[in-house]
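Chain lettering (A, B, C and D) follows the sequence in which the chains are written, and residue indices restart at 1 in each chain.
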Amino acid sequence: MKELMYWNAISEAIAEEMARDDKVFVIGENVQESPFLATKGLVQKFGSDRVMDAPLSELAIAGATVGAAMAGYRPVCDLTFADFIYCAADEVLMKAAQQYFIHNGEVGVPCVFMGVAGGGFGNGPEHSRIPAAMVMHNPGLKLVLPSNPYDAKGLMKAAIRDNNPVCFFFHKKCMPMKQEIPDEEYIIPLGKAEIKRAGTDVTVVATSYMVNLALEAAKQLEGKVSSEIIDPRTLVPLDIDTIIESVKKTNRVVIIDEDTECCGVAAEIAQQIIERAFDYLDAPVSRLCAANSPIAGAAMEKYVIPQLPQVIKAIETAAGL
Amino acid sequence: MKELMYWNAISEAIAEEMARDDKVFVIGENVQESPFLATKGLVQKFGSDRVMDAPLSELAIAGATVGAAMAGYRPVCDLTFADFIYCAADEVLMKAAQQYFIHNGEVGVPCVFMGVAGGGFGNGPEHSRIPAAMVMHNPGLKLVLPSNPYDAKGLMKAAIRDNNPVCFFFHKKCMPMKQEIPDEEYIIPLGKAEIKRAGTDVTVVATSYMVNLALEAAKQLEGKVSSEIIDPRTLVPLDIDTIIESVKKTNRVVIIDEDTECCGVAAEIAQQIIERAFDYLDAPVSRLCAANSPIAGAAMEKYVIPQLPQVIKAIETAAGL
Amino acid sequence: MKKLSKQDLLHLYRSLIRTRKFDQLNIRLAAEGKLLTFYHSAHGHEAVGTGAAAVVRDDDYLFIHHRGHGLPYSIVRGIDPKSCVAEHMGKSTGWGGGITGFHAVDKEMGILSSAGTIGSGFVLSAGYGLAAKKNGRGQIAICFSGDGGVQRGQFHEAINLCAAWKLPVVFVVENNGMAWFTPNRDTTAVENVADLAKAYKVPAEIVDGMDILAVYRATEKAVELARNGGGPSLIECKTFRYRSHSEGRPDVSHFEPRSKEEIAAWMERDPIKLFEEKLVKDKVLTATLIETIAREADEEAVAAEKFSFDSPFPDPARLPHMVYAP
Amino acid sequence: MKKLSKQDLLHLYRSLIRTRKFDQLNIRLAAEGKLLTFYHSAHGHEAVGTGAAAVVRDDDYLFIHHRGHGLPYSIVRGIDPKSCVAEHMGKSTGWGGGITGFHAVDKEMGILSSAGTIGSGFVLSAGYGLAAKKNGRGQIAICFSGDGGVQRGQFHEAINLCAAWKLPVVFVVENNGMAWFTPNRDTTAVENVADLAKAYKVPAEIVDGMDILAVYRATEKAVELARNGGGPSLIECKTFRYRSHSEGRPDVSHFEPRSKEEIAAWMERDPIKLFEEKLVKDKVLTATLIETIAREADEEAVAAEKFSFDSPFPDPARLPHMVYAP
C-alpha cells in the first residue's frame, strides 16, 4: 500500500496501461508538463512520441483521437479543462459518440477524453463546468466522474480498456485528496455504483466532488438523519439498480450534482427513479445542482455551485425534517 | 387572412422584422436560395447585404452573429440543419449564452439561431436531431420549437425582438403544414404555452412536431381517453404554470419529445412536475422520447424516433388503460 | 512512377464508367422516391475520386467526399457498388447495414466514415495518419473534400498538425467552385486552395480534375512522399459538378440559375469523354470494348437495383446493440 | 501617419509604466492569494497592447489577448486599471461587476469580452467588423491574440470571412513562440503567422513587438486601411513572455526549464527599457520625469489595491437577473 494523491492515481493508471499496451498514447495541449498533473511524469517514462504536446487545436486533437482510435490505437486525449469539450463538440459529442453506430458496429472508437472539471477556483463561466449532462445526452459516449483517488485509478484503467469513447472528468476540488492505493493492480468496472455510506432515512445520490460534500454532510447530520450516500461513479453506464434498491429501502431521495440543473444529470436520475420506484416514494425526488446560470467567478461562484450548507439542508429536507 | 405554409410563415416573419428594423439581417450558408425555404425570397426584397450567403464556416457564422449582436445588430443566423450547432458549440452554447453575464448585464446578445430539425427524412445520425436539451442546459439561451405555421410566425417575430440569443428550431415534418395567417401583425410572446386541446383524463405535454402526433393520437383516442394537449412552444422560458395547472386537474401526465431521452427535455419537465405537483399525481410521470441511440437513417429511423402508434400507446398508458 | 499497363488503364476506364452508371442509377432512384435519404451526384467529379483512390494500397485509409456518396472512391478499389445502392434503400445488405442513411463505410478497404458535417474528415484523417505513422507499416491516409469543406476550421487545424508532425496524409480537394448554392468567389479571397496549403509548408499541386491521369500521377507523387516519411501534401483538382447540389434541389448560384453556357463548356471537358478519347487514340480502347464495358455496367446496375430492392430491411432489434461496443 | 507630439509619446511611456506596475501588483496579489482567480502576466508583452490600442478611436471595438488580463489594452485608452484589480478580487467595483472571474470588459470603450476559450476572439471580432462595416460610421475592430490562438480553427474561418467580405478588422498577433508550456516550433511548421495571413490575401506585416513605436506605426497603417474600406490586415508582433504562463505555474518548455539565457537575452530588449532609452535620447524624458512617472504609478497601484480591498463584494441577489436581458 502507498498513499497517492488524486492526480497521481490518475497518472499511475495511465502509466500502467501504457506499459501494458503500446497502443495507448496521450495527446493534448501541454500534457508533458501537465498543468493539472494528471499526465505528469509520463513523458519521462514513455517519451514524447507517446505523450504528445499538441497545438492549441481542440478540433484536431479530438478529431485525431477519434481517427487514431478507429485505426487501432487507444488514445487518451487530455482536453485540459473539461469545458473545452464545447470547442470540439462535433468531434467528441457527434463523431466519437456515433462512429461505431455509423460503421454498423464494425469499427470501434476506443479512447478517453479526460479533463479537469468543476468549480472551486473562481475561474468563471468558461473554466468551471462539469459538462456531464451534455455527455450523457449523446449516446455512444461513456462518462466517468471519480470522487476520490482510489476510484480515479481503477476507473481510469477501465476507461482506457473500454472499447468505447469514455469521458473522464476529474474534479479540481479533489486534487488535494490522498488515499491508500494497493500495490497490486485493480480495475473498477464502469457501471458499478458504490454505496459510500450506508443509511436508512434518505438516499443521497451524489456525483463527483459532491460525494465528498455529501459524506461530510451525512457526518454532521449523524444522529439526526441516517443518510445512504451512493456514488454512481460512472453516469454512463448508470447503475440505476443500486439506486432503486436504496430508494425502496429509504423511500426518500435527493440527487446532488454540480452540473447545471436544467436538463441535467439529476433530472435524468430522478425520472428513472420515478419510472421504477414511484410507489415507494414518501416524498418528491429532490435535486440540488448548479443554478440555472453561467458559473459566476471569484466570490460569486459559491452562490451558483452547491456548497456544504446547501447540501446539509437538501438532505434534511429530503429526509422530511 | 391568407393561407401560409410553415416555412413561408417563418420567412414572412423575418421579412416583416427586417422591414421594421434595419438592424435585422440574415446570415448563413445558402440563405439566399434557402434549402429549407425559411429565408427564401428575402434577398429579392432586401438585397445581398442583408441576406448574406456565408462561407462554409459555422464558427465564423455563429461567432460573427454573436459579435454583430454585441455591436448593436440583430442577426438571424441560419445554421441550416439544427444539428450543426455541434459545429459551433463554443460560439452558440458558450459565447452567445454567456456574454451577457460576462458583461455584467451591460451588453446584450440579441440574435436568433435558426435551424431545421428533427427526423422524417431518414438522413441519419448527423442530420436528424433536435438539439433541444443541449440548448436548455446552457442558461442564457432561449429556445423556440414551433409546431405549426401560425405559431412559427408569431414566435419568430418575438425571437427577433428578444434581447437574448434565441434558438429557433423548426421541424422538417411540419414543412407541408398550411394554416390561415391573419393579415394584421401578431406576436406570440416567448414563454406562453398553449393548450392545443382541452381534456380531463391525462395531460400530454408535447413539443415541436410531436404536438401534431399527439393531436392526432388524441383524436383517435376520443371516447376512450380525454387528452389535454399542451404545447409549451418555447422551452426556455418554460411555462411550467400552465403544465402544473393541467396536471393538478388530470393527475396524470406524459411528456412527448423528439430529442434523445437521456438528460432530455422530458426529464426536466418531469422533474419540475414532481417538484411542484407530486401529491397530485395518480401515476408516475412518464415520457416518450427518441431512444438513447444515434438517430438511425432510412427505414430504421422510425424505430428510434417516436411514431404515432407509440404516441397513442404512451397516452393510453399514462391514462391508466 | 508506376508504368500503367493496358489492363491498368482499362481498370480506370471501367471504374469511371461504372461510377457514372451507378451515379445515374442513384439519381433515377432518388427521382422515383426509392432512396430513403438524399443523394449528391458525382456527375463531373468522377475522375478525381477514381484517379486518386486507384493509387492507394488496400490497407490505406480513405475519408471520402460526399459526391457520389462513396462510388468514385470505392468502385476503383474493388468494392461492390451494390452495397451503396442497398444502403440508400435502407437495406441490411448496404455497406452500413442499412442503418446509416447515406454514410459510406468499408472497414476492409479502410473507408472509414464519411462526413455528415462537412469538413470533419480533415481531423479524423489526421488521426488515421497519426496511427499510420505510429504503426510503421507504411500506411497512409487520403482525405477527400470539397472547396467548401476547406472553409471550415478543421482544415486549418488538421493541415497544421499534419505538417508539424509530418503525418502521412494526402489531402485531395475537389474544387468545383461552389458550396451548395454558393459560389466560393463570394466567400473567400483565396483562389487556389493550393496556395493556402503552401503557407503551412505543405507541398501542393493544382491539377486538372477532369483528367484522370493527371489526378493519378499527382496522387502517386504525394502518396510516395507520405509513405517515405515526407509528410502531408495537398492536391487541388479543378473540377465541376454538372447537376444540382443534391437531387431534387434547384440548380442555382446564390439564387439565380447557373449559367447554361458554363455547364456546357465544362461538359466539353467531361472526364470520361476526355479519357475515352485518349484511350481510343492510344489504341487501348475500341468501339466494341467501349460498348461492352457500358453494357456490362448497365447490367450490373440493373442487377444492383434488383438486389437492393430484394434485400431485407435490417432487424430493428439490432439497433440498441449498435450504440456501444462490447 | 500621425505626428506624435511629446505629449503623445509621454502618454505611451506612462501607459507602459502603469501597465507594468499594475501587472506587478496583480502578480504580487496572486502570490499572496488575494486574487480569487488565475492571472497571466503581461511582463514582456506590454508594448504590443499599448502601442496598438493607442491607435484606435473610442468607438472602435477591441478583443483583448489574455496577457495582463486587459491592462495593456485598457490603460492606454484611459480606462482606470483599478477596475481590473477589483474584478480579480471579486469586488463589485470590478469591470465585470466582480462576477466574471478574470474577464475584461468595458462597454464604453468597446472592450467587448475576453476569451476563456482562446481563439474565440477571431470570430467575435469578425462580427464586430461586420457591424462596423454595416453601420458606416468608420468604426473598426481590432483583435489581439497569441500565436497559440492562431492554431485554432476560428482563426482560419475568421480571417477568410474578413478577407472575402473586406471587413474592417485588424488582427494583432502577439507571437511569443509559446502556448502555455509548449513551444510552437513543435506544433506548427509555420514560422511567421504573417505568411499564413498572406495566403488569404490579407496584408500582413512582421514587427518588433518590443518596439512600441513600430507596433504603433504598423497598427496605424492597418487601421487606416480598414477604416477606408480596404479590409483586414494582420500584424505579427514578435515578443516574449518573461514569466511563466500564469502565476504559480512552473516555467518550462515542454517539461524542461526554459533557457535562462534566452530570457536574459530578451530582457536586454525589454520594451520599456528600449522606449525609455529612446525617449531619453530624444530629450522627451528626463531622469526626474522617469522617477515621477514611476512614483505616481506606484502610488496609483497602492491606491488601487486599497480601493479593491475596501470595495464590497457584489450582491449575490443580482446573479439570477444576469442570465437574461430584459
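We adopt the following convention: a residue touches a chain if its C-beta (ideal position, glycine included) is under 8 Å from a C-beta of that chain, and two chains touch if they have at least 3 such contacts.
Keep in mind that what you see is a predicted model, and the values were worked out from it rather than measured.
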Neighbouring chains common to subunit A and subunit D, by label: B, C
Most distant chain from subunit B, judged by the mean position of its C-alpha atoms: D
CA centroid of subunit B to CA centroid of subunit C, Å: 36
Subunit A and subunit B, separation of their C-alpha mean positions in angstrom: 30
Distance between the centres, which are taken as Cα means, of subunit D and subunit B, whole angstrom: 40
Length of the line joining the C-alpha centres of subunit C and subunit D, rounded to whole Å: 45
Residue list for subunit A, restricted to those that touch at least two other chains: 54-55, 57-59, 83, 86-87, 90, 94, 101-102, 124-126, 139-140, 292-294, 296
Per-residue overlap in subunit D, given as positions that touch at least 2 other chains: 96, 99-100, 103, 116-117, 151-154, 157, 160-161, 164, 186-188, 322-323
Chain-level touch network, classified as line, ring, star, complete or other: complete
Residues of subunit B touching subunit C in the complex: 29-30, 32-33, 35, 43-44, 48, 53-59, 83-84, 86-87, 121-128, 291-294, 296-301, 303-304
Residue numbers on subunit B that touch subunit A, as the complex places them: 83, 86-87, 89-90, 93-94, 97-98, 101-102, 124-126, 133-134, 136-140, 236, 260, 262-268, 270-271, 274-275, 278, 281, 283-287, 292-294, 296
For the subunit D and subunit B complex, residues of the former touching the latter: 61, 95-97, 99-100, 103, 105, 107, 112-113, 116-117, 120, 122-132, 134-135, 141, 153-154, 157-158, 160-161, 164, 318, 321-326
Residue numbers on subunit C that touch subunit D, as the complex places them: 151-157, 160-161, 163-164, 186-190, 195-196, 198-202
Complex contacts: residues of subunit B adjacent to subunit D: 25, 49, 54-55, 57-60, 62-73, 75, 90-91, 94-95, 99-110, 139-140, 142, 163-164
